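In the two complexes below, chain A is the common chain; its partner is chain B in one and chain C in the other.
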Partner chain A sequence: MARAELMDFDKALELFEPVIGLEVHVELNTTTKMFSSAPNPANSQFHVADPNTLITPVCLGLPGSLPVVNGEAVKYSISLGLALGCEIAPSSRFARKNYFYPDLAKNYQISQYDEPIAFDGQVEVELENGRVFTVPIERAHMEEDAGKLTHVGGSTGRIQGAEYSLVDYNRAGVPLVEIVTRPIFGGEADTPALAKAYVATIRDIVLSLGISEARMERGNLRCDANVSLRPRGQEKLGTRTETKNVNSMRSVERAVRYEIQRQAAILAGGGTIIQETRHWHEDTGATSAGRPKSDADDYRYFPEPDLLPVVPSKELVDELRAALPEPPAVRRRRLKSEWGFTDLEFQDVANSGLLIELEATVKAGATPAAARKWWTGEIARLANAAAVDASGLVSPEHVAELAQLVDSGTLTDRLARQVLEGVIAGEGSPQQVVDARGLAVVSDDGALIAAIDEALASQPDVLAKIRDGKVQAAGAVIGAVMKAMQGKADAARVRELVLERAAQTA
Partner chain B sequence: MSDELIRLSAAALGAKLASGEVSSVEATRAHLDRIAAVDGAVHAFLHVEGERAIETAAEIDRQRAAGAPLGPLAGVPIAIKDVLVTKGMPSTSGSRILEGWIPPYDATPVTKVREAGMIPLGKTNMDEFAMGSSTEHSAYGPTHNPWDLDRIPGGSGGGSAASVAAFEAPLALGSDTGGSIRQPAHVTGTVGVKPTYGAVSRYGSIALASSLDQIGPVTRNVLDAALLHDVIAGHDPLDSTSIPEKWPSMADAVRRADVSGLRIGVIKELDGEGFQAGVRQRFHESLELLEKQGAEIVEVSAPHFEYAIAAYYLILPAEASSNLAKFDSVRFGLRVTPEGGGTVEQVMSATREAGFGPEVKRRIILGTYALSAGYYDAYYGSAQKVRTLVQRDFDAAFANVDVLASPTAPTTAFKFGEKMADPVSMYLNDIATIPANLAGVPGISLPSGLAPEDGLPVGIQFLAPAREDARLYNVGAALEQLLEARWGGPLLAQAPDLSSHELTATEEGAL
Partner chain C sequence: MSEITAEQVAHLANLARIALTDEEIEHLTTELGQIMHAVEQVSEVATPDVPPTSHPIPMQNVFRDDVVGTTVLTADEALAGAPESDDSRFKVSAILGEEQ
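So, the complex of A and B:
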């Protein structure tokens, strides 16, 4: 695909003011789906399932089937609404959004339209540079997810050019909350970073509530980014585009940045922006045109006659409000002090969006320092190389186990990195990888001494130097021993033993 | 013996089964024989269970022999309207688009009749997706009225009503969205009840208009309707709109059959212009009988009923256009691929073009239009307001009377083809039945006699406040006793003998 002309980002900001609006879909991790008793694949215990096995007549929209609202999902949605500072509607209603698409079993989606369960909230978002923003929330409403299409044949994996398509209805009916912001002004050059930080904050919130697995690479959390530009000094908002399903936090930032640069180039060239959806391409780092979208899209919404209004009692709302976890900003201050990190160290972790992973890793038994070292070091490096979010790469429990294996001397840092790769490759827990790959440090002095004696014997000049008190010469022997042990030895212990043996053979 | 068995009421047959005088296998066989004999002429059934029904009956006989506790209708055969999905039995809702589809689950009312030990005989004919008042809109050909085979049996549930009137089944399940149980009862001399909205689960009922649909009994007398009502009513966690509270026994209300002091309101707007003379005559005779028995007859006005049909024909198509969207060939039912293949949209389009009949298409287009942006408020929105006004008319009326009464439909059974060219005149058939669906209140239709001018059956309708279904059974049973005393037996005893059609049926091999 031809890459669109882009304007330099700073230049674009000089000429235009970017305005964004973000829609985040959160898949709730309830045990069953939004409107049926089918197991919910957005709950990790059902994540792995063959296509079309997590279904009931309701998920398939079979004739005669009827939806029933999942009470747990309603509670989760209320909690989320409260955490977003929203009002909770004393009565809200489901509506049918009518459109034909093969992934939509009934050819309508049950959603909320004019009466969402939560509305008028705000979220505090802290940027990497320390700037704090208040993002206004318009609404959060409940709805059901669609099934998943796989287009077979054709080169792009998209429907165009495909020979046929397969439909998996496992995802059909997964409970979703869609969080919609009001237009966000004033982000200026920080706008892309703000978009990323907002999504990270939503992720922190849903994870702290425990209502979603929030794994973006699995689609538990999906972001649609609306971007428009208006010339400096103009009151009227520019025409917006909606970039759909941006599925990692770094992509959110890149996609917003890309749209600002693309739209600026078009507008500066005298062109007009087409109101449309756009697809984000991770590989090329570009967006491409989707379908035209107008405000007059006619979904023929009407109140869902199969369902009664959702009328949560005041007691329930109060109970859920009382049970809310601390807000992310408060939590950050607490964690920083508990972990004893410097400003820089803490910012490093927060900016990587890894607070939750770190907290979980510490809870699983690692020291804060070790947890930080692994998450912001090797794991972040591997994630970056694979262009995925670090959080999806490995579980906090496994990181804690890895750190403990290093602490106990079973692994050196170098070996631990190999073990980490094995864990990421799906070979099992760190201990299982150690056992399977035979990566543990050789702690048997006998084996080490044999290797040392051999090395000393083959390097008599070095032995002489050590005896003369030039202990730094031991390095060559240590290197040879480590090589002979294929790295599976603790270098400090080897050094001790080398000096010991050199003295003894004197 | 066989003819005697099929003419028994469900209650009487149930008693004979309980006493061991008759086995369920014998009773079921007798009805299957009757179906084989007359359904070629009547065409009430789209599917007959045959030997599978006999096997189910044998199982009930075994349970009875083993001393299992069984209900009053255990072992009694029943016909099921094709709008209800039945596990392992075709369920087409009268449409080509579901031809050959075998549902993997039972509708809740079907589960309940099975649990009550009843024997499903098969699935009955209906207007496609319950859209119509004559069964002429069935994709599988019309059902014939057992009183006159050249006339319609009513609709949409003409198959269920005709099966009962033709003694092919003692009772049947129907669905009533705007009169589809009561109007067929009216033209076939049978009893039909639309329970309070939410009394019977809609789970597994192929939806026409979700806010109007209700499943109910189709029988030959009021007691049978009550017994079946007691079987199918009750809360279903699978239907959010089903009422959670417990219900009193309808059969007990039938046994009460006492109208002394009962205030009956005659709806002024449903007793005049447009109603056939013989329909009105029998209606007023029935009221006189009740009055003599101690009921008080008062006239009431329901000023907004005249807008009910207009509102109904916006709300119903709006909901139907959405409910019928699922018929797209992707997961079940008919699939038509355009020549040379096509995109999924083209396949969906070709399937719906081939699979839906003209009345269904008419209503989908109407409903899609009524919900469209820019028209929603004027059409769907206004219709909902009228619906509220109709509900208020009922509230005002029920503040003064215990039940309301009207003729069930304006005319006796019309001839095939008479109203096919004029949809609006077809729609007007439901003028008296539609208000109950808009308000969610229960209604019963029972025979009030034969119209003198054409000798065809007519019905009287009673309506009660929501959740007061028992009042209908009380007044219905009382009137039935009075009328049957006058007639010297059930009205259906006067129906023509269909056995002369046996030869035709066999020749045509209609089963």
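So, the complex of A and C:
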């Protein structure tokens, strides 16, 4: 794939104003699917399943099968709409979106078209630099997810060269809410960061509502980013591209930035932007052209005749409104004061999108300081190295356990980092990794003293220096002991004992 | 109301992945045109005081409890009607260059 020409980001901002629109798909974690009583793989209890085992005749669109709306999914959708500051439609209905592609067996997707359940909202988004943005929400509508295709054969394994495709319908019919923003103006140089912060805020909202597992690496939360540029001073919006399925918060920011730079180079060179779907490639950090907007986008929507209108009572809406959790902005203020972090420390956590993880880690027994240290330190570093989101790497419970093992003196920081790697590698809980790898600190003074005496005996010159009061010479002995203990000793304790032994053996 | 044209029928056939001969397109253009006219006659009866409806039965809010049902299929049952399958999945011919 030839890499597109990119314009310097600052230069692009000088010449053009970026305008974005974001579509976020949220898989709800109800027990069953949207229109069928099949188990829902977006609920963690059914996440691991063999292909085509989470389906009913409805998921396959078999003759005679009829969809029935999951009442719980409707409640979740209303709650989400309310949390997005939306109006809830007094009456909304489902529509068929017709297309022929084997990811849905019945050749249409049940969605909502002209009567979405929620509309006209706004979400407050706080950027990493502290800037607060209000993102306008156009609508949030209910629909069903499609099945998963695996393309087999061909030279590259990618769809272009595929000989055939294998279809697993487990995901077909998973309840989705699609949240669509209005065009977002004024982001300017913060536009990529704004896109990321928006997705992080949506994730915070659905997690606090408890309506989705919201794990981006599992596709519970997916973002399509529309990006267009217009020359400074021009009123008319530029032609937009839609980058599909950007599956980590980090990628959302990168993909938007990339499209701004790519489109700017084309426009400045006198070219035109083609309205098309683009695919984001995590490995190369680039987007590539997908299919152009074409006849295939003629979805011939019409009202779904198999389903009845959804008319939520005022009582139900009021009840769900009363049960809403505190908005993310309010929550941030509360957590900052509870944890006693400085502005800088709190910003550090918030910027890494790890508030929920930190809160859960503290709840599981870690001190706020220890939770912050691990999440924004070693875990963030490992996540960065692996180019994944830290939230998917390790559970808050395991981090809390790790912090407690350090607090209790079972592990040094150095050993704890090794244990963390084991936990991430799937070797079990921190305690299990400690046991399996034999990583606990040697807290048996007897074993330490034996190693110290041996080291002192083999380095009589060092012993002499220590006795002369040159305590910094003890470093060589400490090093030898740590090596003998394979690093599994508390260096401070070893130092104490070295000085003690050096004095005693006089 | 506009007439159905042969181009529209060809477009629909393309969307539905159905290969049609020119004769078939001509035939369907006439047939679909007749159906359109029949629907038009119904529209004539609708006066401004009749609200549009998407469903003939005056019911709403028919919901299902969020409980796993008894009609969950095994992979073998699910694949029983599949012309081809592989590795517990439906096997379909590759559709080139298209992703939804």
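Basically, the second predicted complex is superposed on the first by the 500 of 506 C-alpha atoms of A that agree within 3 Å, B and C clash if a C-alpha of one lies under 4 Å from a C-alpha of the other, contacts with A are read in each partner's own complex, and residues count from 1 in each chain.
Just so it is clear, a contact is a pair of C-beta atoms (placed from the backbone, for glycine too) under 8 Å apart; a residue touches a chain by one contact, two chains touch by 3 or more.
All of these numbers come straight from a predicted model, not from anything done at the bench.
Colleague: Quick one: classify A:184 as touching chain B (first), chain C (second), both or neither.
Modeller: After superposition on chain A, A:184 lies in contact with neither partner.
Colleague: Tell me the contact category for A:96 with respect to chain B and chain C: first, second, both or neither.
Modeller: First partner only, chain B.
Colleague: Looking at the overlay, does A:66 come into contact with chain B only (first), chain C only (second), both, or neither?
Modeller: first
Colleague: More chain A residues touched by chain B or by chain C?
Modeller: The partner with more contacted residues on chain A is C.
Colleague: What is the contact status of A:106 with respect to chain B (first) and chain C (second): first, second, both, or neither?
Modeller: So A:106 only meets chain B here.
Colleague: Please work out whether A:355 is in contact with chain B alone, chain C alone, both, or neither, and reply first, second, both or neither.
Modeller: A:355 contacts neither chain B nor chain C.
Colleague: Could you look at A:54 and tell me whether it touches chain B, chain C, both or neither (first, second, both, neither)?
Modeller: After superposition on chain A, A:54 lies in contact with chain C alone.
Colleague: Check whether A:415 is in contact with chain B, with chain C, with both or with neither, and answer first, second, both or neither.
Modeller: neither
Colleague: What residues on chain A does chain C touch that chain B touches too?
Modeller: Correct list for chain A: 57, 60, 62, 68-69, 98, 100, 102, 165, 167, 296, 298, 300, 305, 308.
Colleague: Going by the contact rule at the top, pick out the chain C residues touching chain A in the complex.
Modeller: 11, 14-17, 54-55, 57, 59-75, 78-79, 81, 86-100
Colleague: Over in the complex, which chain A residues touch chain C? Could you list them?
Modeller: Of all residues in chain A, those touching chain C are 30-32, 36-39, 50-58, 60, 62, 68-74, 91, 93, 98-103, 146, 150-151, 153-154, 159-160, 162-169, 277, 290-291, 295-296, 298, 300, 303, 305, 308-312.
Colleague: Using the touch definition from the top, list the residues of chain B that touch chain A in their complex.
Modeller: Against chain A, chain B makes touches at 84-85, 91, 93, 98, 101, 103-105, 107, 202-207, 209-211, 237-241, 318-319, 321-322, 325-328, 330-332, 344-345, 348, 368, 371-373, 376, 380.
Colleague: Once bound in the complex, which stretches of chain A touch chain B?
Modeller: These residues of chain A touch chain B: 57, 60-69, 96, 98, 100, 102, 105-108, 165, 167, 296, 298, 300-302, 305-308.
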